[in-house]
Structure formats: C-alpha cells, structure tokens
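Below: a set of structures, written as structure tokens.
Paired with chain B in one complex and with chain C in the other, chain A is shared by the two complexes that follow.
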Partner chain A sequence: MARALVTGNHAAGHTLAACGEANREARGCCCGAYPITPQSEIIEFLRDYEFTKGRTIPVESEHSAMGVCIGASVAGARSFTASSSNGLAYMTENIFAAGFYRLPIVLIAVNRTLGPPWNIWVDQGDSLALRDAAWLQFYAESHQELVDTILLAFRISEDERILLPTIVAQDGFVTSHTQMVVDLPEQELVDRYLPHCHIPHRLSLEHPTTIGGLTWPRETEHHRREIQTAMEQVPAVLGEAIDEFEKVFGRRPHGMLSAEHTEDAETVLIACNTMARTLRNVVAERRERGERVGMVKPKMFRPFPRAELAAALSGAKRVGVLDRNHSPGSGGIFWQEIAASLQGRSDVLVQDYLVGLGGGDVTPQVIHEIIDDLNTRKEAVEPIWKEVAA
Partner chain B sequence: MTADVVATEKLRCDALLRPGNTNCAGCGMSIGLQWMDHALEGEKPYMVIPACCGIVTAGAFPTSGYGVPIAASTFASAPAVATGVANINELNGDTSPVICWTGDGGTYDIGMATLSAAAERNEDLIYICYDNEIYGNTGGQRSSATPEGVVTSTTKQGKGEGKKDMMAIMAGHRIPYAATLSVAHREDFLRKVRTARQTSGFRFLLMLSPCPTGWKSEPDESVELIRSAVCSGLFPLYEVFDGVRYRINEQPDDTPVSEYISHQRRYTKVSAEATSLEAFIKQQWHYLNGMATAFPADKAT
Partner chain C sequence: MTEITIFGRGGQGGVTLAKLIATSYFLRGKHVQAFGVYAAERSGAPLQAFVRIDDEEITNHNQIREPDHVIVLDRTLIAPSVQAGLKPGGWIILNTPDPPDAFVEDFPGRNVATIDATDIAVTNGLGTRTVPIVNTTMLGTVAKALNLSLDDVEAALGDLKFGGGNVTSARKAFENTVAQKLKGKADMKAPTAPKGRIAGILDADVGQMPKIRTGSWATRQPERQRLTPPCNHGCPAGNDVRGFIEAASREEYDRALAILLETSPFPGTCGRVCPAPCMEACNRSPLDASVNIRELERYVAEHGKRPEVPAQWRKERIAVVGSGPAGLAATYHLGRLGYRVALFEGGGELGGVMRTGIPSYRLPPDVLGEEISYILRQSVDVHTGRFLDRSDLLKLTHEFSAVFVGTGLQDSRTVNLGNADEEFVEQGIDFLDRARLGRVRLDGLHVVVIGGGNTAMDAARSALRVGARTVRVVYRRTRAEMPAIREEIDEALEEGIVLDELASPLQLHRDGEGVVLTCQRMRLGEPDESGRRRPVPETSEDAQFDLRCDRVILALGQTSNVAILPEGSEIHENGELLGLSGAPMFAGGDFATNEGTVTAAIGSGRKAAWHLHRTLTGENLFPPPAEPIAEPDAVTMHLFKRSPSEQSAMISPVERRRTFTEVRRGMIDSPDHHPALIEANRCFSCGVCNQCDACIDYCPEGIVFRNGDGYRFDYGYCKGCGVCASQCPRGVIYMSEL
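Then we have the complex of A and B:
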C-alpha cells in the first residue's frame, strides 16, 4: 500500500483509474467525462491517466457522459464516471437506463446541493433522488472509505449475481477537497482483487440481440423482479467482497452499516458521510459522561439494509435521524427508510432532524443540541428543521 | 426440414432487417435498412437506435426484427452510446462499422447536442437519419424537420416555420463525409453508403423517409413520392466532403413540385404556386450550385 496525503477527489480518481487499468487484459475501460463542481478533479485525473487499454472521452453533457459509459459497457468494457448535483439531475435519464440495462457502471457522486438557487456545498439530496434507478448506493464517510468502497463497488456490480451499477457518494468539499492520509491501492493488488469484467449480455455479432427494446407488461414485471432479486443478493455478495478485500489489502472495510455502542444504548443517532465522523466524537464524549448513547452509520443505502438496521436498533428507545437532504412534502429520506424498517415497533421513538442542508456546518455543538432535544421527547413529531450557524 | 428450407430460414435470420418486423407498409425504413444491408456486402454492423420508430421495428422481446446487434438507447443518446461502443470495439481490434440509425426527432431536435458533440470529436461512426419530417412514433407531431405549411397533429393550420438545413449544420462541423439518400435512387444510395463505409471519422447520411401514416399518402406511392421530391429539386441529392467540398449527384428535371405535394394530405394547406415552395427550391439550388461551383469535390479536368 502506498500511503499518500490526497484529496477525496484525487483518491477517487486514482482508484477508478486503477480499477479501469485492471481490466486491460479483457475488454478495457472507458470513462465518459464532463466537469461539474465539486467533482471536476476526478475527471481531470482520469483524462490525464494513460490507460494501457482504455479511454476517457470528454463529452458535451452529463447525459452523454453516462451515454458513453452505457455504450462502452454494452461493448464489454469496465465503465465509470463522476458527477454532482444538477449534473446528476441532467444525467438522470441515462442513470435509469444503465440500471435497467443491468450494466455494472460505477459512478462517483460528489454530493452537492441541487439548484436553483445555486449552491455548491454538500447535501445528499442529489444522489438520494436516484434511489429508484436500480443502482446500488454507498455513502463514504472518509477518504479511505471512499477508496475501499470504489474497489468493493466494481467487485459487487460486476458479480454475475448482481450486474447492477453502483453509486459511491462522498461529501462535496468536506471530503472531495480536503486532504487525508490514505492507503492508495497499488495496481498489482487491484489486479489481484478485481476479476476481469465480464458482461454476459454485451453486443455480439455472432449472437445478435436487441438490448433495451420493447417488452410487454409481463416481461417488464419479470425484469423488475429480477432486479429486486439481484438487490436481495447484495448483502451476501458484499460480505464475500469484504472477505476477499481483507485477504488482498490486509484491511477490513465497513459493511452495509456500522453500529457503534448500540448494545446498551437507549438513544441512538443515525448519520452518514462526514456527519457520521463528527457524530462519532460526540457519542464518545457522551459515553465518557456515562450516557447510554450509540450511533449507526448506514453506509449502504440501496439496497437498504432494513433487517440489519432493525437489529442494530433492537434495544433503542429513541432514534434520531440526521438527514442532510429534504424530500419536500415528506421530510428526510433516510428517516423514511429507517421508519419503514422499524414498522410495528411501538416502543421506539423515531425523530427526524433536517440538518446541514445546503452545506451548513454540522458541528459537535449542533449534534449535542440534537441529542439533548431527543432525550426530552416523549413522542416523535414532524421532521424538525435544525438550523446551524451561518 | 429440407436443406432448402433451412437455407432460406438462415437467410431470413441473417438479414439486417428480418421479415416479420413491425414497419408500416410503405415506410422508408424498410427500403433504407435493406439497401444499407446490401451496400455493406455481408459485413455486419453494430447499431445504436434511440427511441423512434426504428426501435419499434425490432418488435417485442424476446424476438428482434434485426439480424445485427442493437443497443436501444435513450432518445437523445444514440451518438453518445455509439461513441462508447466504437471506442471499445476499436481498442479490441473490431473494425465492424458502428451505425446510429435515428429519426428526425432524435437528430434535428432532442439529439442535436449529442450529435453535434460526436461530430466535433470526429468519432468513427456512421450516423443515418431517416427523416420523415414528423414525430411519427408518437402520432405525428411537428419537429424542426417539418417543412413550412405542413399539417401535423400539433400544427393543424400548417406549420409556421421552415425546416432546419441539417446538411449545412453537419457541413459546418467539417466532418469527413455528409450525403443525402433517396429510396428512389438505388445506385446512388448504395454508392454513398459504401463511400461512408470506406471513410473514417464521423459520417452523416440524411435520408428523406416516406411515412404514409404521417404524410397521409398511399403506401404504394412512397418510392414515387421520393423520386418527385428529388426530381422537382425539393430534396437535392448531394455530398459534402470535409464540410467544404460539394458534389451534386442529380440535377432537377422539369417535374413540378405539385407532383410531390398533391399526393400527401399533410400538404393540404400548401399549394406550390401560392406559397414560397418554388421560391424555396430556387433559393436552395442557387446556394447549392454556388457551393458546388466554388468548392467542387471533383477538380475540373
């Protein structure tokens, strides 16, 4: 492992390039590239990278960036790209297409607020809006988790039991533009870790098929159910990918979620990405004071780890969800999923906090205030807008 | 089965456009796809077809009306998807042509930016637009390829605006080869597809494609309609090399444009004399003849 002080974007670019390069003895790799703040450094890195058998193609829009990835993937290549915010929104039609075509493309979403009004700071609403697109979704709390999750993503996506694309999300600026010391994977290890990309339904002159043509309702329903079946196999395939990861890289990444101090906790807070890092410190402080506080960080959002989350929260009396996103007319998107996972539990209070929207700084103080609020509640109310300092 | 039946079935299966496809009678695609197959002389292409009648042609899963591999792309994405296919094929030593087969909606309208970008990058693609001057698949709405005065389901009093000059737009990209195709001029059609095949980089072919459903015309008159469009000078047959060198393939004869429009009920709001149609043809040829004279593809001997 090569330890280096790099930004989140550099870490993502390096890892994508290594994964692409690892397919050089098969059908090669391809990136459809289009810039948007705060992900642009990723596609710049890939554009500079000299692949043995691969290309980064600069196109005119995010929609076409995913179009190129789709084309390269139906031609059998390992394909990947990155985007953010309105770029993801513009790409959305082809994001759905990639999922429904069952193409194992990997997309780095550098989370940024959707506009207008224009705001370049972090908010998970951009990638969460893609939750129904037949993509796996992972949220990385640190530079290292980003690197490790990208490696896992190719391995899981390309597994013949899955064959679905994956979004790996990181926080705009807080992760993408700050530096941390990271173990960057060496090519030799990535070569060992990733099998050659094999897309069984790729275009073939010998066996011509029409990919993505017309279907009747019955076939469409089968298609959707097959996607659901593949999604249901993700936990097992992820487990295998983590075991293999540990053998190759000597390190064990987090799985679907990480539950910390939940065994005895009456109050459990839930947060993803960099908010989870801040939360971890706050939880440690509270426990030093003897408070029974724990936390859960859901790393995997699609498929949503309902059973694992319910198990992690089995002893909790109060659950506070920190949602850095907003579904107008409902509330936080993580909260919706978590509340659904706990249906039938009358002994637990689940309260949503909309916090840090548009990149507001979620400091330890903010999280302390949320815990204090949660501990005094007798029943849950509608999602609470928890404002942070300007 | 006898050997003859097996051989016949194989021919039917191997054809680029198979029997049993869903094309309407008199559709220009049926001729265009078969002639393209013929012009490729047994070489099989990869095709990318966006949302348009051309993907309905395939019929419903698991059957396909196409005997070649097809990626059905989203509406605006055919050149982007084809870019991915062509680049990966090239990296793997596969030199079979990659062809975008798209309607005018996917070319003149929603796919314009994607097409322009692929042309600007000079991707190694053959892009064929079968232009029926209408959103045929959705019931016949106007597109920016619909000519002035034509009645569609969204221009019931006749379209107020003229048609985009797609060939000029593509020539403006300085692509290696652009040409128009007629389903009434077989030798010219085959030669142009072969020229496109032998050229590398981005190649654009524009085929005026009769659509009896949308044009309100008789299916058995489709070929004659296109012949009169060419011969009246309304749809010129020409080629543009590198965006700057012109070759005209057919000069108009004395066929009146009324031959073309009087057989289509979409033109009921237009008469050849009363409108600018003849003036349009005159102006179009003034421009084309000027370009072909000033910037000829073939040096005078």
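Then we have the complex of A and C:
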C-alpha cells in the first residue's frame, strides 16, 4: 500500500480508477461524468486517468451521467460515477433505473445539503433520499474507510447473489476536501481482490434480448421480492468480502455496523460518518470518567442491519441518535430505522437529535451536551433540534 | 497535537499553505490533517484554513478553535481578533512589511514573526502583479518560527511540485524572518461572535445580495479608460473611423455620415480611392481580415443624408488657392466655422488631382461633383481658369483676412532615357487628363508604364481602356514595395497588365522594327531612410533586357512648385508662412507635405483651417492629446468569432478592359444579405466602449450598472475579481491597484 497525504476526493478517485482498471482484461470500465461541488475532484481525477480499457465520458447532466453508467454496465463494463446534493436529485430517475435493472454500479455520494437555500456543506439528506432505490448504501467515517468501502462495494455489488448498485457516501468538505494520510491501494492488490466484472444479464449481440420491459403486477412483485432477497444476502456476502479483504490488504475494515463499549452501556449514542469519530473521542472521555456510555456506528444503511442493531442495543436503556439529515414531518432518517428495529422493546428510550444539518460543525462539546440531555430523560420526545457552534 | 489556523483571502493560496505545512510534517513521518473552510469559493473573501499535526492518527475533524499558532496571509486581516483562542506561547506569523514590534498594541505579550511575503512573491513572479500568491513564500517563515529546516521546506515544495521562484521565495523568507516576543500581557480572552436572529427562507433577505460590504475585500478595482482605436490613429484625414462604423452597425447611416463629415467633406471619394492606412492598422487583421473600412465609408456616403449647411457668416473672407483635396477641405472647414471663402482654381474645373488624376473607373466624376457641390452650398466664390503667381498671392494677403495655399504637386518627375523621341514618352498625369477627356487612343499599341504608385496603375489601366494591346509596368523594387493601393495592383493584374519587377529603365532607342526600352535588372539592397529596401543594379552579364514598345508613360511622382510663394517666406511646421507683412498665409496638402494621398491632403486642409481660425480668433479647435493607442493586446481576441470580410461587388475583368465604368460597385444589399451591416458589426471598437454589456453580463456580483452612455461600478460590493476586465472585449476596463 502507498501511504499518501490526499483529500477524500482524491482517495475516492484513485480507488475508483484502480477498480475500473482491474477489469481491463474483461469488459473494461466506464465513468459517466458530470461535476458538482463538492465531488468534482473525483470525476476530474477520473477524467485525467488513462484507463487501459475504458473511459470517462463527460455529459451534460447528472441524469445523463447515470445514463452512461447504465448503458456501460448493461454492456458489461464496470461502471461508476460520483455526485452530490441537487446533482443526485437530478440523477434520481436513472438511479432508480440502475437499481431496478440490477446493475452493479458504484456511486460516490459526497454528502451535501440539498438546496434551496443554497448550501455546499455536509448533510446526508441527499443520499438518504435515495434509500428506496434498490441501492446498497454505506457511510464512510474516514478517508481510509472510504477507500476500503469502495473496494468492498464493487465486490459485493458484482456478486451474483446481489447484483445491486452501491452508494458509498462521505462527508462533503469534512473528508472530501481535507488532506489526510491514507493508504491508497496498489493496482496489483486491487487486481487480486476484485474478480472480473460479470453481469449475467448483460446485453450482447450473440444473444439478443431485452431487459426491463413492460411487466404485469405479479411479475413486478416477483422482481421486487428478488431484490429483497438479494438485499437479505448482503450481510453474508459483506462478511466474505471483508475476510477476503483482510487476506489481500492485510487489514480488516469495519463491517456493516460497529458496536463499541455497548456490552455494559446504559446510554448508547448512534452516529455515522465523521460525527462517529468525534463521538468515539467523547465516549472514550466519558469512559475514562467511569460512565457506562457506548456507541454504535451503522456504516451500512441499506440494507439496514436491523437484527445486528437490536442485538447491539439489547442492554441499552437510553439510545440517542445523531441525525445529520431531516425528513420533514417525521424527523431523522436513521432514527426512524433504529426505532423500527427496536419495536416491541418497552425498556428502551430512543431519542432523536437533529444535529449538524447544513454542515454545522459538531464539536465534542455539542456531543457532551447531548449525552447530558439524554441521561436526564425519562421518556423520548419529538426529535430535538440541537444547535451547534457557528 | 499541534494545531495551526491560517487566515487569508480567497485566491491567496491559504489551503495550499495548509497542505504545504502538513506535507512538511508528513514527510517527517507525522500524522497530519489539512483543510480549509470553504464557502462559495469567492475570490477575496476572508477564509480560514487549518493544519493538525500529531504522532497518533488524527480523529478530530472539527474546525480549530484554540490553535497553537496562527498565520495571517493578508495585511488587511491583521487584527487583535486573530489571536482569539491562541494558546500561550504560540506564534503569530504575519505577512507584513512592518517589524514585529509594530504590533505591540495588537498582540501584547505574544510571539510574533513577520515577513514581507508579498514583496518577495512579486519579485519572484508568483501569481500576478496585482494578485501575488504568497503561500509558498510564507512557508519559509512558518518553518523558521516552528523550527523546521530549509530542507523540510524544500522537500514539501518538491513533493507538491512547486519549483523555481517558489523555492527561492521560501528560502528568502526563511532567511529574512524577524521574530520576537512582544512586551506586555497577552490577551487570553477569546471574543465571542455576536448572535443575531437568523433569517428564515421566507424572509426577504435570504439569498439576496449579502449585506457584507464585500468591496472592503478588494485589492484592485475596475476602472474605465478610453483608448485611441488604431484606425482613428492611422487616418490621415482625422476621421473618427470607429465612431462612424459603430453608427453604421446600428444602421444609423445619417449619424454615421455626420461623423465622417465632421472631419472630411469627401467620404464618397475616400471610400473609393483612399489607400486606407486604417485597414493596415486594424486590430482585426491578425484574427481574420481587417474591417473593410473603405467600402463602409463609401456605403455610408451613399446611404446617409447630408446635414443642412449652417447659414451664418462671419465678416472675415478667406482666400483659398487651389481646389484639390487640401484646398476644398480647407474651404469646407472654414465654411463650417462661418468664414466666407474665395476659391481660386487655375484649371477649368474644381477638384484638382481628384478630377484630373484619378480615372473615372475608380472615381466617377458625378460622385466627386456631388461632394464638391455640398461644399459650395456654403458661402464660396469660385474663380477658375487662371493660375496665380507670386504677386497674385501677395495681393491676396492684402485683400483677404487670411490666405490658404494648396496648389498640390504641379511638376512631374522625369527620367533621362537618352535621345529618344519625345513623341514616344508622355507624363502619366498628362496622359490621365487626356484619357479622361477622351483625347487619346492607343489602339493596338504596346505600352510601357514606368513607376509603382497609383498614377502608374491608373495610367496602365487607362491605357488598356483606350485600346492598348499590351501594357507592362516597369518598377525598380518588387510588388510588395509598390506604393500603389494593393487592391489597385490586384485589379490591374486581373485586367491583364504585366508587371516587370526589379527593373529600371535605362534607355529608349529605335531599331529597324520600332522602339526598344532597355532596362536594368535590379535587386533589393539595404533599407533606405524610408525603411524600404533600396534597389541596386544586378551586376551579372544578362542584367539588361529589352522591351519592345510603342509608347512609354512616366509615373515617377510629382513635386510642388514653391516658386509661387512670396520671396523670403518659409513654411512653419503648422503650415503658416512666416515673414509676410499682410494677412496670415498658410500652406497645406501635397504642396506643403508631399504626402501624396487625397486623404492626407484632406487632413492637412482641415488642420490649416483650424490653425487659421486660431490665428484669427484665438479659439483652439484642436483636440487635447489623444489617449494611448489600443494595441492588439487590448482586444480580447478569443471573444470574437472569425468571419470573412465583406467585399465590394465588382464588374468582370473582361468588361473592365473596355470601359471607364466604375470597377467597384460597392456593397450591395439584397433582401437576405446586408454586407455593410455585417461588415460594420465586425468592428472590435478597440479601446472604446460600445455598450456591449459584457461587463454587466459577466460580473459575478451583479454590481455593474448602466449609467447614461457608460457604466457604474458599485465599489461597495466590488471585490476586484477582474472578471469584467477579462471579459471586456475591447480593453476599456482595466484593474487599478488600491
């Protein structure tokens, strides 16, 4: 591995390129490219990359960028792109198409607030809005986790048991534009890790066929159930992918969910992305003071690891969810999923905190205040808007 | 963990400095983190960047609020507030020409390091002169303050591929940093940000112009200037070429003609016969082709309506001697100033060389006649048919308030061709006058014309038209050096005239079969004082050759006959003749300047009129010194699309050979093609605002406003980004340093 000081976007671009290149002896790779802050550096990196077999195709919109990925993928190429915020919103029609076509495309979502009002900073609402699009979703807390999760994503997506696309999300600016030291995967290792991309239902001239045509309700329902079945297999396939990852790269990435200090914890906080790193430091501080505080970081949001989460929270009395997103009329989107995972449990209080929306800097102090608030609560209330520093 | 905060402005490279510092430590094996606080990437906006350095993996992604050190890249950002949260013992590293103790009031008790990074960056050519980029320079001072070595600095710069002036600058900064602990007690109280009500999306001020007076961020601001378009500068008549074309581009032909008539009474004539130095100077020529100014001038003369002539006359009467372009221009401008003029012409008709020396296939007499009759609508008494002599002129100075002499070039240069018979040789000017009057035929003859100017071309082409079988032009230099209008040479060759370049006539003699002109082959030697390469004889054996011919026409140029000037007088530089006792006398046109073009004579006549007016009244009509010329680099060439130049319609070469009908028919409109309008719109309007609105359209801040005929910049909100200047197609907007 090559240790380098790079931005999150550079790390993502490098990894996507290596994954694309790893398919050079099969049907190559393709990136449909359209820029938007804060992901533009990813596709700029890919545009400048000289693939042995494959290319980056600049188009006139995000909708077309995903269209290119669909076209290339359906022809058997390893396909990937990146977008953010309103770019993802514009791409959405084709994002659903990619999911329901079951094409193993990988999309890097650099999380950015949806406008208006216009705001370029981090907020997970853009990728979480795509939760029903039949895509896997992972949220990376660091540069290294971003790199590793992209590698995992291709492996899982292209697995014949899955054949679904994957979103790998990172925080806009907080990781995308921050220089950090990271191990970038060498091509030789990526070649070893990723099998050639094989899409069984790809179109070919030898066997002319149609995919995704008109179906009756029963066929459609069947199709959805197949997707659900594939989703249910993700934990097992992910486990295999992580084992293989460790063999090739010599380190073990986080799984779908990591539970830390939850064995004896009465108070458990849940967060993902860089907020999870701040939370981890705060939990460590509280632990040093002897407090029974733990944390859970759900790296995987789709499929949502309900059983694993319920198990991790089996001893918890108070659960605080840190949501950097907002579903108007409901509350935090992680909170909805977590509350649903704990249905039937009357011995646990689940409180939602809407925090760091629109890119607010969630400092250790803010998280301390949340823990203090949670510890005094007797019962959960409506999601709480937690103000952060300017 | 060491934490560093950098204060800078968008565009100064603060984030890159963060990365450079991080890289220095990364290369030493440390864990590092570098990031900026991004806003809408606005040039000049205050921004912060951060660096963390640690032995362990860094897991903190928050902005730094209690830095170990702070760095300030821009002098305008140096203020006590930068030390908010700064830990005791930390460095305040400043880009400033002042020494640390100049900041004892701002940062008492603090460690302060200073360097004039801007000066070093400018000296080493980093960034632009108006926006120097100081980050690599500042790295040297940061290294000095934080005990990094020059090796660390150079390694980091090398890793990020910064070379040359960056390394020199960083080293210079490292060596010249002044650092000291300031006297006094440090202010450890971090100021708190004021909290106000936050506007909602339904409030009027969300997404509107920021209330921050962003103009305070600017280091430069746009200003407007007016430059002299090269065509205007190049016009000997002094025409506002750009101005008339702009009016034409708006299809305001009356206004376009009025602009031309401000300086010249002969747009229809110049639009046909001017050698068009304006087109030589046109900045459009390197892009595709010069604007076809000559044809546009003709078009405007034909399509505009001449304004009424003023009818208020002064008591002074002025005598004008000579009715060529200079005399008529002087008459015209004197008339416009209200003077009554007595115009004396030796020949039978007015117009001088314009009438007698320019064939009608180039300048139809009715076009000239119409322009002259417009001049005569002023108060002009015409006296024709008698050449004045010296005593006549002296008399005029006692009868008139002033006298202008513009008698042109009356004497033709000749060449000694030996004992040849006079009957075979004729002067071009005389030939042209006879041809015009239908008094000469050359049917079936072989004609040789000697010379390379417009008279030579006119004589050669006229010879064809009066029946010559062949016409050759013999010229000492090459076609490129010929003073004739380029298009006229082209047209002559199209008509079948043969050009013998690098040939000089030696002798004309008879042999048994007829007349032979012996010529010497020439080659081009060193440039002479006119800048043209001097022709020198070839020395080889076959350097002479014979041309058989029936007639030789000389077109070697003319000289003025100064014998008519009063004895003892001398021509002053403004054309005034000194040493006379009577009324002031001025000379102009070819007579005084020998410039040799109609256009120059028109300009000379106008200037003489203005000098004369100043002498009589004290009123100065000359404009103040012109603005600098708009050089080609004033034009933002890539903003213009290439488009071919529109041309005049022509009659065919075959038809031309038989008739004196005008060769060029001008730009002819058809229902779906308006060549003159297209051509007028090709003008760059170099250096003069034509209200194209590009500055309004491209200003990212929306702070350029129309203001009458010009524009206003709202400097309160202008950040000096320079987009307006870079998008101004014609060099009107420039950035001035604050």
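The criterion applied here is as follows: the second predicted complex is superposed on the first by the 390 of 390 C-alpha atoms of A that agree within 3 Å, B and C clash if a C-alpha of one lies under 4 Å from a C-alpha of the other, contacts with A are read in each partner's own complex, and residues count from 1 in each chain.
Just so it is clear, a residue touches a chain if its C-beta (ideal position, glycine included) is under 8 Å from a C-beta of that chain, and two chains touch if they have at least 3 such contacts.
Remember, predicted model here, so these are calculated numbers, not experimental data.
Asks: In the overlay, answer first, second, both or neither for which of chain B and chain C A:Leu5 touches.
Replies: second
Asks: May I ask you to decide whether A:Thr215 touches chain B, chain C, both, or neither, giving the answer as first, second, both or neither?
Replies: first
Asks: Between chain B (first) and chain C (second), which does A:His177 come into contact with in this model arrangement: first, second, both, or neither?
Replies: Second partner only.
Asks: Which partner chains sit in contact with A:Ser204 here, chain B, chain C, both or neither? Use first/second/both/neither.
Replies: first
Asks: Return first, second, both or neither, reflecting whether A:Gly329 touches chain B, chain C, both chains, or no partner chain.
Replies: So A:Gly329 meets neither chain B nor chain C here.
Asks: Tell me which partner A:Ser79 touches in the superposition: chain B (first), chain C (second), both or neither.
Replies: So A:Ser79 only meets chain B here.
Asks: Examine A:Gly290 and indicate which partner it touches, taking first as chain B and second as chain C; both and neither are also allowed.
Replies: A:Gly290: touches no partner chain.
Asks: Have a look and say if chain B or chain C is in touch with more residues of chain A.
Replies: The partner with more contacted residues on chain A is B.
Asks: Sort out for me which residues of chain A touch chain B in the complex.
Replies: Of all residues in chain A, those touching chain B are 27-28, 30, 32, 53-55, 57-61, 63-65, 67-77, 79, 93-94, 97, 203-205, 208-216, 219.
Asks: Going by the contact rule set out above, which residues of chain B touch chain A in the complex?
Replies: Those in contact with chain A are residues 44, 46, 48, 55-56, 58-62, 64, 66-74, 76-77, 79-89, 91-92, 96, 113-114, 116-117, 120-121.
Asks: Per the contact definition, I'd like the list of chain A residues that touch chain C in the complex.
Replies: Chain A reaches chain C through residues 5, 37-38, 116-118, 120-121, 142, 171, 173-175, 177-181, 274, 277-278, 280-281, 361-364, 389-390.
Asks: Which residues of chain C touch chain A once you look at their complex with the stated criterion?
Replies: 18-19, 22-23, 26, 31-36, 38-41, 58-63, 65, 193, 201, 206-207
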